[in-house]
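In the two complexes that follow, chain A is the common piece, with chain B as its partner first and chain C second.
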Partner chain A sequence: MPDYRWPDMAKRKVMGQRISRLDGPVKSAGRAKYPSDMNPQGLLQSALLTSPHAHAKIRSINLDAAKAIPGVVAINTFVQPGAEVQWAGAEIAIVAANTEEAARDAVRAIKIDWEVLPHVVKEENLAKAGTRAKAAGEQVTGDPEKAFSEADVKIEGEYGIPVITHCCLEPHGNVISWKGDKVDFWPSTQAVSTSATQLATLIGVPATQISVTCDYMGGGFGSKFPPDSWGAESAKISKGANGRPVKVFLDRATELTIAGVRPSHFAKIKIGAKSDGSITAWQSDSWSTGGFGGGGMAPIPYVFVNIPNRRNNHAAVSLNAGPQRAWRAPNHPQAAFLTCSALTDLAQKLNMDPLALMQKNAGLTLRAATYTDQLAKAAELMEWKSKYHTPGEGKGTIRRGVGIGVATWGGAGHASKAKCIIHPDGSVEVELGSQDLGTGNRTCISMVAAESLGLPMSAIKVKIGSNDYPASGPSGGSTTIGGVSTSTRKASLNALEKLFEKVAPSLGVPPDQLEAVDSRIQVKGNPNKALSWKQAAQKLGPSKIEEMGENVPAQAAREGLNTLGASGVQMAEVEIDTETGIVKMRKMVAVQDCGLVVNPKTAESQVFGACIMSICSALFEERVMDAVTGRVLNPDMEFYKLAGLPDIGEIVVHMDIQEVHDKRGIIGLGEPCAIGGIAAIANAVHNALGVRVPMVPATADRVLNAIGTKRYA
Partner chain B sequence: MQSFEYANPTTLKEAFAALGSSWEDANILAGGTDLLSLMKDYVHSPKRVVNIKGIKELGGISRKGGNMRIGATVTLDELTSNAAIRASYPSLIQAALGVTSPQLRNMGTVAGDLCQRPRCWYYRRGFGLLAKGPNGEALVPTGENKFHAIFSNGPAYFVSASTLGPALVALGATVTIASASGNRSVPVEKFFVAPTADGMRETDLKPNEIVTEVLIPVPATKNATYEVRQRELVDWPLTAAAVALRMNGSTVTSASIALGHVAPTIWRASQAEKMLVGKTITVETAEAAGEAAVANATPLSGNRYKVQLTKVAVKRALLAAAGIKA
Partner chain C sequence: MDQHYPTHHRYQVKKIRKEGVPVSSNNDSEKDKRNQSGFSRRSWLRGAGIGTSVVGAGVLEQEAEAQGAPKVMSGEVEIALDINGRSRSVKVEPRTTLLDALRNRLDLTGAKRVCDRGTCGACTVSVNGKIVYGCTMLAVDAVGKKIQTIEGIAPEGQLHPVSAAFVNNDAQQCGYCTPGFVMAAKGFLDRTPNPTQEQVEKGLAGNICRCGTYVGVRKAVLEAAKNYRGGSNA
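Our next item is the complex of A and B:
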């Protein structure tokens, strides 16, 4: 069996290099075909009818007028008379037509007789949630009452972070064709290899007959795993239309209303500490919603998990609003925001720098040395010592402040199989049923294969995005890089071993005495006793080598190629116009460890993107529900505000690449870097103002309300 | 989007013939930055769309008697590139540059800016300009009103979306409105109307009329616009103040102060205007004018902060016009 271990850091030739994305040119030139770009011959366009009511029962559905519209080919309903819908935007019917216009006109011609029922769409005020709030049970550790009574210093605060949506640039949807017993499915998905099985159960076609293709996709962030109801109905319409392909992609309003949200989280938090800053007690009473199903408790206290005495109470609030889906590090950004806000308030009460408070309590985390180190590094990059001041201290109407947020994540590799094929002409393919969400996955696979085979990346053809290839896990939980790197490594080395067997006789040594270096197969350490890669491959005769490699999560820890447990520290610096309450970003610093870093460039890109998402959530972004109509008021890119380039300030990313982390193996990065930023920005606002803006996003209204009558001059 | 007829006139006469007697009959298309989204969202579905960009006389910026004439189809980009406008009307330039999207500045027109429909999220979601709920109740006063009016006691609570409106009102500009039966001239201030009943619109324009030009008096003023926006990326102002001062030395002889995004119309801060006459602009007088400008504000449940923002916008616009660094 080959030695699968990663080469030593210093000996790597491709991994660890800053490599630009392989698909950058085709994407920027517009040549990359996303699922929504697919327009096969005979395409039917479609549109959805969704519920205008947040809670209602359907008495009857009349499709006659809609069917009479010229160009309409089929109308399927998702629900039948008698059904109750629980949120505005719920799918009612899908119309397929020869043109998009006809489909949309037909949607408007469908007559539904509704019995409108009472709804609840707001959860900010728990007292108003009534029976829609369900207690999730109490968790107690130690003796919080005693600890609070003995604490030298106590703080109590209330904090909130609203529901936000995934806001994918390419909305949810697919193109699908079902002709005879064959289904061709082009979904915008985070899960190429599992899509066929999931669709199979929805439409009753064996997975073997379903071909899934997704070469590129325009963002998912955790919301694009299943084929969705519209995927299944569009398939049925295609079948009924003799296999004419059907395109269904949500319009922007529907995308922001039903295609997934990140749950809100509110909490009243009490912390007790000794006068030296040692934290002794925690109490939180929290509530959240992720839609009709309520919302789970975020993992609080966050990172500082070993506060000895703790009491947590949580209530899940059920709303008549679009359902939650996993959102980049589910519940962690909320947990970081709640915990780090309360800790910063505690620091103020203690007259301590929050950096010192966190360092003092690093022992309450599971990776004390790493956090201590990362806090110091982030402070250096932020110039924390010169920028931090007593909260609210300063002169003039424009005030600056700095804040901290911390993060933790798992990120072990998912189950993944890869196939490496060496052709007799020397060309190489690596196949995986994986997907590139825009993270650089394709590029990293190529780098691992090139490293393992001693070839340049240009010699490797990476094939992903199809379920014809060996199954690889869905991209969720920051599991992809660990999974695909391990399977690619093993497949490549297994294939190389076969090549060595074929080549060994001509070099006169046993196969285990060979190595692949710089496009040569050579006797270990002896470039003079070598064959070029091409010459070596010719020894295969007419048959190619096809070898598999697999990441089995249960074995991963033993093998050491990938592992879990990433840590990160983010710091933010803001500038606030205290007369207008407008907060502007000046700088963000992200220090992030994710074990062995395959490609520092794409890794940094992940972190840049995560910082920008954090800025959006901390300063601009929220779903606004209307209590009376039960509707989302801002399902658009106009009042659902995201940051633009001029709003993000300077972002400094420091990948914590060190031998000590590298030796742990590869760890996922997508999520850990999207956690601490909101907390950092909210705390920077606090540092600038000296008062807490209890809820993000810190918009002008909230900032001015928090400032109240306080004057800054 | 509902199917529609498309008319492409090259003369005003042809355009008048293509327009109808109701807004449902025909709508004017210039830059299209608003009309297309209204149509795509089925908020408004006219049977005919009349493109006026092919009518040459609606373009151009020139001196016309005692006025600067800005043609209706002049784009925001053309406006900001014009040397004469830059020299005399910084308030207009500042407002136009506040539309921070080059795409919108390239397409959006001056008359289109005045005629664009409100951005009220109830209106845009199909609840009507007066934003009424299922039982005819007003949705805004008890609903989500952080971006709504602070000067209005209903029944309209939306804010005028016009970017150039405040500056044009402060500068004393008029619009020329043409129809088959002739031309009429309306001060920009009177062009905006707060609807009081269903079916009414927010401007004085009739369905069979076309705004052909904007005329701004030439006698120069010291003028400036100050907007407060949440984002730098293209974003609607939370509030805007435009001021135009006539000075005798350092003494204000007359002041015009117009507020945007705070009422269904462009709101004139007449108390503040009066109190500045005979004064010198200082931080103190500017602040006092800001206070006076919002003295009669009637904010809603969620937009009291806009009173503060408007106060600050007036102060900063005055200081900018007077060339004083705060």
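Our next item is the complex of A and C:
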């Protein structure tokens, strides 16, 4: 069996290099075909009718007028008369027509007789949620009452972070064709290999008959795993239309209303500490919603998990609003925001620098040495010592402040299989049923194969995005890079071993005395006794080598190729105009470890992106519900506000690449870097003002309200 | 310091006023000229029964007399669009946006439909050398104008210097906003060949990315400024 372990950091030739993403040119030339770009022959366009009511019963559905519209081919309903819908935007019907315009006309012509029922769409005030709030039970560790009574210092605060949506730029949807017993499915998905099985269950076709293709996809962030109801109905319409392909992609309003949200989280938090800053007690009463199903408790206290005495109470609030989906590090950004806000308020009460408070309590984390290092590194890059001041200290209208947020995530590799094919002409293919969400996955697979085979990346053809290839897990939980790198490594080395067997006789040594270096197969350490890669491959005769490699998560820890546990620290500096309440980003710093980093260039991009997403969530982004109509008030991109280019300030990313982390193996990055930024910005606002803006996003009105509680010189 | 909202919303309003061509525009001399397909906008609007200020009150009155209240029709009309230097014949409805004509009817899918209402810039194309949101212009308003899409800025298999700078600086992740950004950046550099970072930020504030690629975009546009025009006003 080959030695699968990663080569030592210093000996790697491709992995660890800053490589531009392989699909960059086709994307930036506008020629990458996303699922929403597919226009196969005979395509039917579609439009959805969704519920205008947040809670209602359907008395009747009349499709006659809609069906009479020229160009309309089919109308399927998702619900039947008598059904009760629980949120505005719920799917009612799908119209397929020769043109999108005709489909939209038909949607408007569908007549539904509704019995409108009462709804609840707001959770900010728990007292008003009534029976829609369900207690999730109490968790107690140690003796919080005693600890609070003995604490030198106590703070109590209330904090909130609202529901936000994924707002994927490519909406959810697919093109699908079902002809005879064959289904061709082009979904915008994070889960190429599992989509067929899930669709099979929905439409009653064996998964073996379903081909899934997704070469590029326009953003998912956790919301694009299932084929969805519209996927299934569009399939049925295609079948009824004799296999004509059907395109269904949500319009922007529907996308922001039903295609997934990140749950809100509110909490009243009490912390007790000794006068030296040692934290002794935690109490939180929290509530959250992720739609009709309520919302679970975020992992609080976050990172500083070993506070000895703790009491947690949580209530899940069910709203008549679109359902939650996984959102980049589910529940962690909320947990970091709640915990780090309360810790910063505690620091203020203790008259301590929050950096010192976190360092003092690093022992309460699971990776004290790493957090201590990372806090120090982030402080250095932020110039924290010169920028930090007593909260609220400063003169004039414009105030500056700095703040901290911390992060932790599991990661590790998902189940993944890869196939490495060496052709007799020397060309190499690597196949995986994986997907590239924009993380650089395709590029990293190529880098791992090139490293393992001693070839340049240009010699490797990476084939992903189809369920024809060996199954690889969905891209969720930062598990892709660990999974695909491990399976690719093993498949490549397994194939190479076969090649060594073929060429060993001509080099006159046993196969285990060969190595692949710089596009040669050579006797170990002897470049003079070598065959070029092409000459070596010619020894295969007519048959190619096809070898598999697999990442089995249960074995991964033993093999050491991928592992669990990433840590990160983010710091932010803001500038606030205390007359207008406007917060402007000056600087962000992200220090992030994620074990072995395959491609620092694309890794940094992911961290930059996560910082910018944090800016969105901390300063701009919020789903606003209308209590009267029960509908989302801002399901668009002018009032559902995301940061633009002028809003981001300077961002410094420090990938914590060092031997000690590298030796742990690959961990994963997408989630851990998307956690601490909101907390950092919220705390920077606090440092600038000296008062807590209790809820993010820290919009001008919230800032001015907070300022109203304090006099400014 | 006066933005209550992310700054792109401010710039977006300006952009549409300046560069978008709403159907109610009065600047009609050019539109009334017969074009190659033998079709004029005014006569077509009459035929379609659309009442706008372009048509004028007299026509509306005649319409009202002839047909009762004016009504919107959804019939298709064949028009010719000058896209990337080629005349392309396409059937559109009066309400079909330029973006939908490109994507749904001409299979030019580089411009993306994201917000579909002039906010995000993913559908950015060039019309008569000006950068516009394809979703805010009707296809019929583009008749007789030179339309350039991302597919037209470089031959297939080659990269425009702006696209190349986006690759070098990893100014893309999922890539769905990227074609719009490239077109906006190209248009911006055409007007501002040697920009400062602040000019880049403001000039491209009308495009939104969800993955958060702005750091790369900022670098890419500054690099492209050097390569694209050689910093001609440096």
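In the analysis below, the second predicted complex is superposed on the first by the 709 of 713 C-alpha atoms of A that agree within 3 Å, B and C clash if a C-alpha of one lies under 4 Å from a C-alpha of the other, contacts with A are read in each partner's own complex, and residues count from 1 in each chain.
As a working rule, a residue touches a chain if its C-beta (ideal position, glycine included) is under 8 Å from a C-beta of that chain, and two chains touch if they have at least 3 such contacts.
Nothing here was measured: the structure is a model prediction, and the numbers come from that model.
By the touch criterion stated above, A:Leu704 is placed in contact with chain B alone, chain C being left untouched. Contact with neither chain B nor chain C is seen for A:Val691 once the two complexes are overlaid on the shared chain. In the superposition on chain A, A:Val116 contacts chain B only, with no contact to chain C.
Applying the stated contact rule after C-alpha superposition, one finds that A:Arg631 touches chain B and leaves chain C untouched. By the touch criterion stated above, A:Ala610 is placed in contact with chain C alone, chain B being left untouched. Within the superposed three-chain model, A:Ala643 lies in touch with chain B and with chain C [touch as defined at top]. Put chain B and chain C next to each other and count what each touches on chain A; the higher total goes to C.
When the two structures are aligned on the shared chain, A:Asp105 is found in touch with chain B and with chain C. When both complexes are overlaid on chain A, the residue A:Met217 reaches chain C alone and has no touch with chain B. Judged by the touch definition given at the top, the superposed model places A:Ser28 against chain C, while chain B stays out of reach. Common to the chain B and chain C interfaces on chain A are residues 101, 105, 580, 582, 620, 636, 638, 641-647, 699-700. Interface residues of chain C, counted against chain A in their complex, comprise 1-9, 12, 74, 76, 93, 95-96, 100, 103-104, 107, 109-117, 119-120, 122, 149-151, 154, 156, 159-160, 163-164, 166-168, 170-179, 182, 200-202, 204-218. Interface residues of chain A facing chain C in the complex, by the touch rule stated above, are 20-21, 23-25, 27-34, 36-37, 39, 45, 99-102, 105, 167-171, 216-219, 221, 251-252, 437-439, 577, 580, 582, 584, 601-602, 604-606, 608-613, 616, 620, 636-638, 641-648, 651, 699-700.
Looking at the complex, you find that chain A touches chain B at residues 101, 104-105, 108, 116, 253, 579-582, 620, 624-629, 631, 633-634, 636, 638-639, 641-647, 699-701, 704-705. Only residues 1-3, 41-42, 100, 119, 121-122, 124-125, 127, 133-134, 137, 139, 142-144, 146-147, 228-236, 238, 302-303, 305, 308-309, 312 of chain B touch chain A when the two sit together in their complex.
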